[in-house]
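Structures follow.
In the two assemblies presented below, chain A is common to both, partnered first by chain B and then by chain C.
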Partner chain A sequence: MNQSMLRQERTAGLMFALPFCVSLFVFFVYALVRTVLFSFQTYDLFSTPEWVGVANYIALLTDPLFALALKHSLAFAVVVTTLQTGLALLLALAANQKIKGRGAFRTIFYFPSILSSAAMTLIFLWLFQRQGLINQGLGWLSAHGGLIVTGGLLFFALQTLQFLWKRRKYTWMRWGDPFNGLVSFAVTVVVMVIMAGYGIGVRALEQPVAITWLNTREVWGPLPRTIWAIVAMNIFTTVPTLMLLYLAGLQSIPESLYEAARIEGASRWQQLRHVTWPRLMPVSFTVVTLGIIGTLQMFDQVALLGDAAPLESKVTLAYFTYHNAFPPGGSPRIGMASAAALVLATLTLILVLIQRAVGVSETTND
Partner chain B sequence: MKITTTLITALSLATTPVLASDVVRISGWGGNDLVVVNSLLNEVLADDIRAAGITVRYEPVEGDFAQYLTNALSAGTAADVFYVDSFWGAPLFRSGAIAPVSNANQAVADALIPALNEAFMYNGQLMGLAKDFNTLALQFNKDIFDDAGVAYPTMDDTWHDFRSKLQAVSTNLGDVHGICVVPDYARFAAFALGTGWSPFNEQGHTVLDDRFRDAFEFYTTLPDQGAGVMAADVGQGWMGGCFGDETTAVAIEGSWISGFLRDQAPSMQYGTVGIPVHPGTGERGNLIFTVSWSVANDSQVKDSAHKLIELLMSPKAQQWVLESGLALPSRESLGNNPYFNGTGQEAEISRVVFNGASDGYVEPFAFAQYGGDWKSIMDEALGAALLKERTIDDAIRHAQQQFDRLTGR
Partner chain C sequence: MTESALESRVEQAAVRRRQAASLIILYGILLAVATVLMGTFMFALLASLKRDPLEQPFRLAFEQIHPANWVVAWRLGRQGSGDAFWGGFGPSGDVTFELTYAAPADVELVEPAIEVPRRRPGTGMAAAVYRDFAADHIVDWTIEHAALEPFEVEVDGVVTPWQRATWTIRFRHDNEGPRIERVPLTAEAPLSQTLVDATLPPTRIERRGRVASWENITPGSLGYVFNNYRRVIKESVDLNTGNSLFVSWFKNSFFIAAGRVILTLVFATMAGYALARLRFPGNRALFMLLLVSMMIPVQVTFISNYLVIRDINLLNTPWAVIMVTIVSAQVLIMKQFFQSIPKEIEEAALMDGAGYWTTFYRIVLPMSRPALVTVTIMAFQGAWNDFFWPLVLINSPASAFTLPVGLLSLRNAYGGAGDWSLILAGAFMSTVPVLIMFMLFQRYIVDNPIASGSKE
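Let's look at the complex of A and B:
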C-alpha cells in the first residue's frame, strides 16, 4: 500500500470516528467537566456561579433526604437486581423448553418489555390504588386462603398417591410427572369448586383489603412500601428483556455438552448446575451489570408517581438529583444536583467494579 | 432595462408606508388553553393588536411549563410574554429574569382584585398581571340533601354546622358519604386559613400553632366522625371525582369543577356556597389559584410586550373570557357583571368563586421560594394523620421539625 492510499484510509477512518468523538466530547466529557465544576459552586441557572469548595458535598452528607435516597437506591439495586436476574433465568429456562406453542409463550413473556415504562407506571398506579386490582386480588386470596391451602395439600396428596401406586406396580414414574400432575390438578380443581360451593375454606372478610401502596410512609423491610410497588413495576418491565439475553445464552450452549452429561448420568439439576450455569456466566455478568446500572439510575417510575406518594417514601438518588435541579416551585440548586449526580455515578462505578471483582464473572471459566 | 427596473423598485419602496410591526412571542401551556388563547388573539383582539403595530407569535408548550420556562429564561430563549403561576413565581421573580409591570400598565393593575396583585408582588414590585383566577367553594348535591332530609349548606354555616349536615347525610342515606377528603393542602387550606393561621409569620417562618391544630384535627377526623371518607378509599383522587359519581354529597373545588360535572354528571342538580366559617373567627379561609401575564426582562420588544398584555387584560378581552365560561377574569369591576346574577348553577359557582377572592382570610397558592418543598411537608402530614400512620400531634410535630429545617425558626 503506497503512502497516498494509507493517508486516504487514515483520513476515512478519522472521518468515520469523528461524529462519535464529537458527541462523546460534547455530551460526556464536556458535560462531566461542567458537572464537576458545578458541584463545587452554588448556581441557580440565573446568577453567576459562586465557588463554595466542598460545601455541596458536606450539605449532602448532612441532608437526611440524601441519606434516605442513598439507602433506597442501594436497597432497590440489590433487591431488584437479584429478583430480576433470578426471574429472567427461570423464564428463559421455561421459554427454552421444547414444547408446543413455544413461540406464543416467548411472545407473552416478552410482551411487557415492549410497553413504555411511562404507560406501565400509569397502569400500575391504577392497579395499586386502595381499591385497585392488587388489593382486590389480595382480598380474594385472604378470603379463599383456607381453600387454596386445602387445594395445595390435596394436589400434593393425589400426586403422592399416584406415585406410590405406580411404584407398587413397579411402573417407573417421577413424582412431578406432567401427565399425572394434570390428573391431580383436574381432581383438585373439581374438589375445590365443590368446596367453594358449600362455602368450605372460604371466609367473609370484615373489611376489604385496603393497603395503601403509594401515598404512605410505611416501611417494609429495607424499603418503603411505595418503593416495593415500584419494585414490582420495574421487574415486570425489565425481566422480559433480560430473559431474552438468557435465552440467547441458552441457545448458544452446544447440545453435545448435555448429551455428554447425560451419558455420565447427570441429573437435570446437575446439568443446570455444572453445564448451563457456568456457560451462562458472560450473560449473567451482562444481566447483573445492566441491572445494577439500571436500578441505581431508576428515575422515570418515581417521577411519574408525582403527588401520588410522599417524597420521603419514593426518593432515590436519581430523583434526588432531579429534585434539586428542578425543585417544584423552587429555585434550581444545580450545585447540589451536580454533587448528587457525581455521587451516583461514582457509586454505580464502584458497585459494577465490586460485582466484577467478587460477583458474577464475565468468562465461562473453561 | 436594468436601470429602469432598479429605479421602479426604489420608487415603489420609497412610496410604501413603513409598517413598524414588532413581533412579540407569547408562550403558555397547551391543551385547552391553546384554543382559548388562539380565539382571544384571532377573534377578539385581532384588530386592536394590528392597530398597536404588533405581530403576535404564539408558542404553546405541552408538558412541564415551569421547567421549560426556567430553562428558557436562563438560556435567554424565553418568549417575550408568558404565564407565571403564583405557585412557582417567586424563584423566577428573584432571579431578575422577569420585568416588573410597566408604569403604563399600572392602571390595569389598579383595576384588578387586590388579592390577585398580592400573589405577584415581589420586593414591593408587581411582577405580572393576573390574567384569571380561581378560588375554592363548596358544591353540594341538592338531590342527595333532599333524599336525606337535610337542609342545604348555606353561606352562614360554621364548621360545626357543616360537619353535622354531612354526618346527617351519611347516617340517613347509608351508602352516601358526606365528603371525600384528600391529603392536599390545596383543599385543607380552606379550613386552616379560616382560623386566622397564616403559612408564614412575619419572620417568614412556618409555625404550626393551636389555630393550625384546630383545623388539622377538624379536617383529618372528618372520616372518623362519620362525615366523610378518604378519596382513595372510594377509588378517587380528588373531591370532584367523588362528587361527580355521587359517592359524596359535597365537594370543595373551584369553578373548574363545572366543566367536569357538565360532562360527567349533566343531570346533577347542585348548588354552591362559600367555605364554612370558623366558629371562633367567624371568617372563612380560601386560596387563590392564579396565573399572570409577565414579560421577560431581556425582551427586545419590551414596550410592545407590555402593550400586548394591556390588550390581553382589556375589559373587552376579560368580558369575552367571562362570557365564554372558560375562567374567571380578574378585573374587580366584573363582579357587577350581569353574568354573575344568573340563576343557573354555573353562574352561581362563578359568582361564589369570584367573591371568594375578597371574602375572609385569603392567601395566594404560593409558598415563597420554597414552593413544592413546603407543600409536600404539609401533604405528608395530612396523609399520615388521615391514614393513622401518625397521631395528630405526632404528624404536626414531625411537620414542624421539617418546616423548621426548611424555613428556619
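Let's look at the complex of A and C:
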C-alpha cells in the first residue's frame, strides 16, 4: 500500500469518526474536565465562579447528608449486586437443562427490563403503599405462617424418610434426588391443601399488616426501609434477565468436562466448584460489572419517589449530586455537586477495578 | 465405593425417572419466575382499571371486568350519545336507568330522590377548566314506578315477607347543548329501604347506605372499562391552552425518540466503521475513551452539559435531549458487527476506485440490516425510557415534558392523596409504544447481550 492510500485512509477514518468524536468531546471530555474545575470552585449557575481550593471536599466530608448518601450508594451497590448475581446463578443452576419453549420464557423474562424505569417505579410504589399488595401479601403469609412451616417440615421429613428407606434396602439415592423430591413435594402440597381446607395452621389476623415502606425514617441494617423497597424492585427487574445470561453460560460448558470429573470421582459440589464456577467466570464478570455500574447510578427510582419519602431515607450519591445542583427552592451549589459527582465516578472506577482484579485471580487459580 | 461408582449401579429406569423429574422441576422454576413477573404486571394492570387500586382486600373480580356490565354500558352509551364505545350524553340522547329498592313488607317503599349533581370530574387540573354539566342540558326526567313485587327472605329459618319495587328514570337531552362526557347521578332513599339492583352497580355508597352515587351512567363499554385511561388524557390539561398534557408528552417523547434514533444511526455507523476498519491517528485512544464513557455515570457530566445547552439557548426544547446523549454502546455494537463481516468485498470495491464513503454507503450499510435494526431499537427504547436528561434539560412548561417526567409530575400532583388509578393508567399507557416494538422485534432485543446489559 502506498503513501497516498495510507493518507486517504487516515483522512477517511478521521472524517468518519468526527461526528461521534465531537459529541464525545463536548458532552463527555469537556464536561468531565469542567466538573473537576467546578469541584474547586463555588458557583450557583449564574454568578461568576470563585476558586476555593478543596473547600468543597472538606464541606462534603462534614456534610452528614453526604455521608448518608455515600453509605446508601455503597450498601445499595453491594446488596443489589450480590443478591441479583446470587439469585440469578442459583435459579440458572436449578434450571440448567436443555429445554423446549425457552424462547417463550426468554420473552417473558425480558419483559420488565424493556419498560421505562418511570413506569416500573410507579407500579412498585403502588405495590409498596400502606394498603398495597406487598402488605396484603405479608398479611396472607403471616396468617398462613403455621401452615407454611408445617409444610416445609413435612417436606424434609418425607424426603428423609424416603432416603432412609432406600438406604435400608441398599438402593442408592441422594438425599436431593429430584424424583423423590417431586414425590415429597406433591404429598406435601396435598396435605397442605387439606389442612387449609380444615383451617389448620391458619389464623385470623387482628388487623391488616400496614408497614409504611416509603414515607419512613426507619433503617433496617445498612439501608433505610425506603431503599429496601427499591432493592426489591431492582432485583425483580434484573434477576430474570441475568438468569438467562447464566443459563446460556452454563449450557456452553461441554458435558465431557463433567464426565471427566465424575470419572475422577468428583462430588457434585466439587464439580460445581472446579468445573462450573471457573467456566462461568466471564459471565459473572459481565453480570457483576453491569451490576456495579448500574446500581451506583441508580437515580430514577429515587427521583420518582417524589415527596413520598424524606430525603434522608432515599438519598444516594447520584441523587445527592442532582439535589445540590438543582435544590428545590434553594440556590444551586455546583461546587458541592461536582465534588460529589467526582466521588461517584471514582467509586465506580475503583469498584470495577477491584472486581476485575478479584475476577482475574479467580480464573488463574484454577 | 465412590459416589459415581454407586451411581453407575442405579438401574436405567431410575435414571430416566430422575431425568423426567428434573425436567418437571426446571419447568416448575421457570413457570414460578414467569408467574411472579407477569403476575405483578397483571395485578397492576387490573388495578389500573379500578376506581380504587388500593382497595383492601384486593379483588380479582370487580365491576369493570364483568361482561354483563360491558353490555349494559354499551347500551347506555348508545342511548346517551349514539357512541356505544365511549358513551357520553349528547343531542337526541334518551337514557333509561333502573333502580330497584327492597324493604320488609310492613315498611312503605318511597320514591328515591334523584339528582344529577353538578360535579366536576376528578381532582386534577381539568376540574378548573370543566364547563359543561349534564345537569344543565337535561330537559326533563321522568321517574316511573313499577308494581310492588312481594318476595320472602329467610334468615335462620324465620321467613319474613319483603317487597321490592323498580323505578325507571328517563333522561332526555335538550338537543341544543354540547355533547357531555359524563352524567353523574345520585339516588337518595331512607335507610329503611335497600338498593338491591341497578342498571349499573353504583360507584359509591355514601351516608351509611342512604345515598348511592354513580360517576357516569352513560359510559359506553370502553369508557366503562378504561375510565381511568380516559381520565389521564382528559384530566391532565394545560390550563392556558386546554390541550391534554398527556398527549403532548406523548408527542414530545416520540419526537425525541425519533431524533435520537436518527442521530444514533449516523454517529454509530460512521464511528463504528472507522474504529473497525480504518487506521487513523487516535484510533485506540478513541476506543479507550468510549469504554470509559460507558462506565462514568451521567450524573458526573450533567452540570456542564446543562450549561452548554443553556448557552446555546436550547433549554426546554426537545433538541437539547436529542443532542446530549453519547452513543458509545451503539458505536461498540456497530464496531463489533463490522468486524464480523468479511473484508474482501470492501477491499474489492476500494481497489476498483470507489471512495471510502461510497464503499461504506453502498456496500457496507446495506449488509448491516440486523445491526442497524438492533441499534435503532436500542436508541428508541433508551430515548423513550430516558428519565434523567429530560428531567435536567426540560423544566417548563409542563407541556414540554416527556412521558417519564410527565408521569413524575402526575405523581407529585396527586402526591399525598395518591390518585393511583390515574398514575397506574398513565404508567401503562406510556409503555404501549415500547411494548409494540418489543412484540415486533423481540428477537433483536432478546438475543443481544449488549443491548440487554446497557439498559438504564
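Here is the rule we use: the second predicted complex is superposed on the first by the 324 of 366 C-alpha atoms of A that agree within 3 Å, B and C clash if a C-alpha of one lies under 4 Å from a C-alpha of the other, contacts with A are read in each partner's own complex, and residues count from 1 in each chain.
The definition used in the following text is that a residue touches a chain if its C-beta (ideal position, glycine included) is under 8 Å from a C-beta of that chain, and two chains touch if they have at least 3 such contacts.
Quick caveat, the model's predicted, so the values are computed rather than measured.
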{"item": "Three-chain arrangement built on chain A, chain B and chain C clash or fit", "value": "clash"}
{"item": "First, second, both or neither for A:Q129, with chain B first and chain C second", "value": "both"}
{"item": "Partner chain(s) touched by A:P178 [first = chain B, second = chain C, both, neither]", "value": "second"}
{"item": "Which of chain B and chain C A:T286 touches, first, second, both or neither", "value": "second"}
{"item": "Contacts of A:P327 with chain B and chain C, given as first, second, both or neither", "value": "first"}
{"item": "Partner chain(s) touched by A:L45 [first = chain B, second = chain C, both, neither]", "value": "both"}
{"item": "First (chain B), second (chain C), both or neither touched by A:C21", "value": "second"}
{"item": "Partner chain(s) touched by A:R167 [first = chain B, second = chain C, both, neither]", "value": "neither"}
{"item": "Greater chain A contact set [chain C / chain B]", "value": "C"}
{"item": "Which of chain B and chain C A:D307 touches, first, second, both or neither", "value": "both"}
{"item": "First, second, both or neither for A:R7, with chain B first and chain C second", "value": "neither"}
{"item": "Where chain A meets both chain C and chain B, residue numbers", "value": "45, 129, 131-132, 307-308, 326"}
{"item": "Chain B residues within the chain A interface of the complex", "value": "66-67, 70-71, 73-74, 87-88, 90-91, 94-97, 183-184, 230, 232-235, 237, 366-367, 369-373, 375-376, 379-380, 383-384, 387, 389-390"}
{"item": "Residues of chain C that touch chain A when the two form their complex", "value": "2-7, 9-10, 14, 17-18, 20-27, 29-30, 33-34, 36-38, 40-41, 43-44, 47, 53-58, 266-268, 270-271, 273-275, 278-281, 283, 286, 289-290, 293-308, 323-328, 331, 355-357, 360, 381, 384-385, 387-388, 391-392, 403-405, 407-408, 411-412, 415-416, 418, 420, 423-424, 426-428, 430-431, 434-435, 438, 442, 445-446, 449, 452-453, 455-456"}
{"item": "Chain A - residues contacting chain B, complex", "value": "44-47, 129-132, 210, 212, 215-218, 307-308, 310-312, 326-332"}
{"item": "Residues on chain A engaged by chain C in the complex (per definition of touch)", "value": "6, 8-14, 16-21, 23-24, 26-32, 34-35, 38, 45, 91, 94-97, 99, 105-119, 122-123, 125-127, 129, 131-133, 136, 171-172, 177-179, 181-182, 208, 236, 239-241, 243, 245, 262-263, 265, 267, 286, 290, 293-294, 296-297, 299-300, 303-304, 306-308, 317-318, 321-322, 325-326, 334, 337-338, 341-342, 344-345, 348-349, 352"}
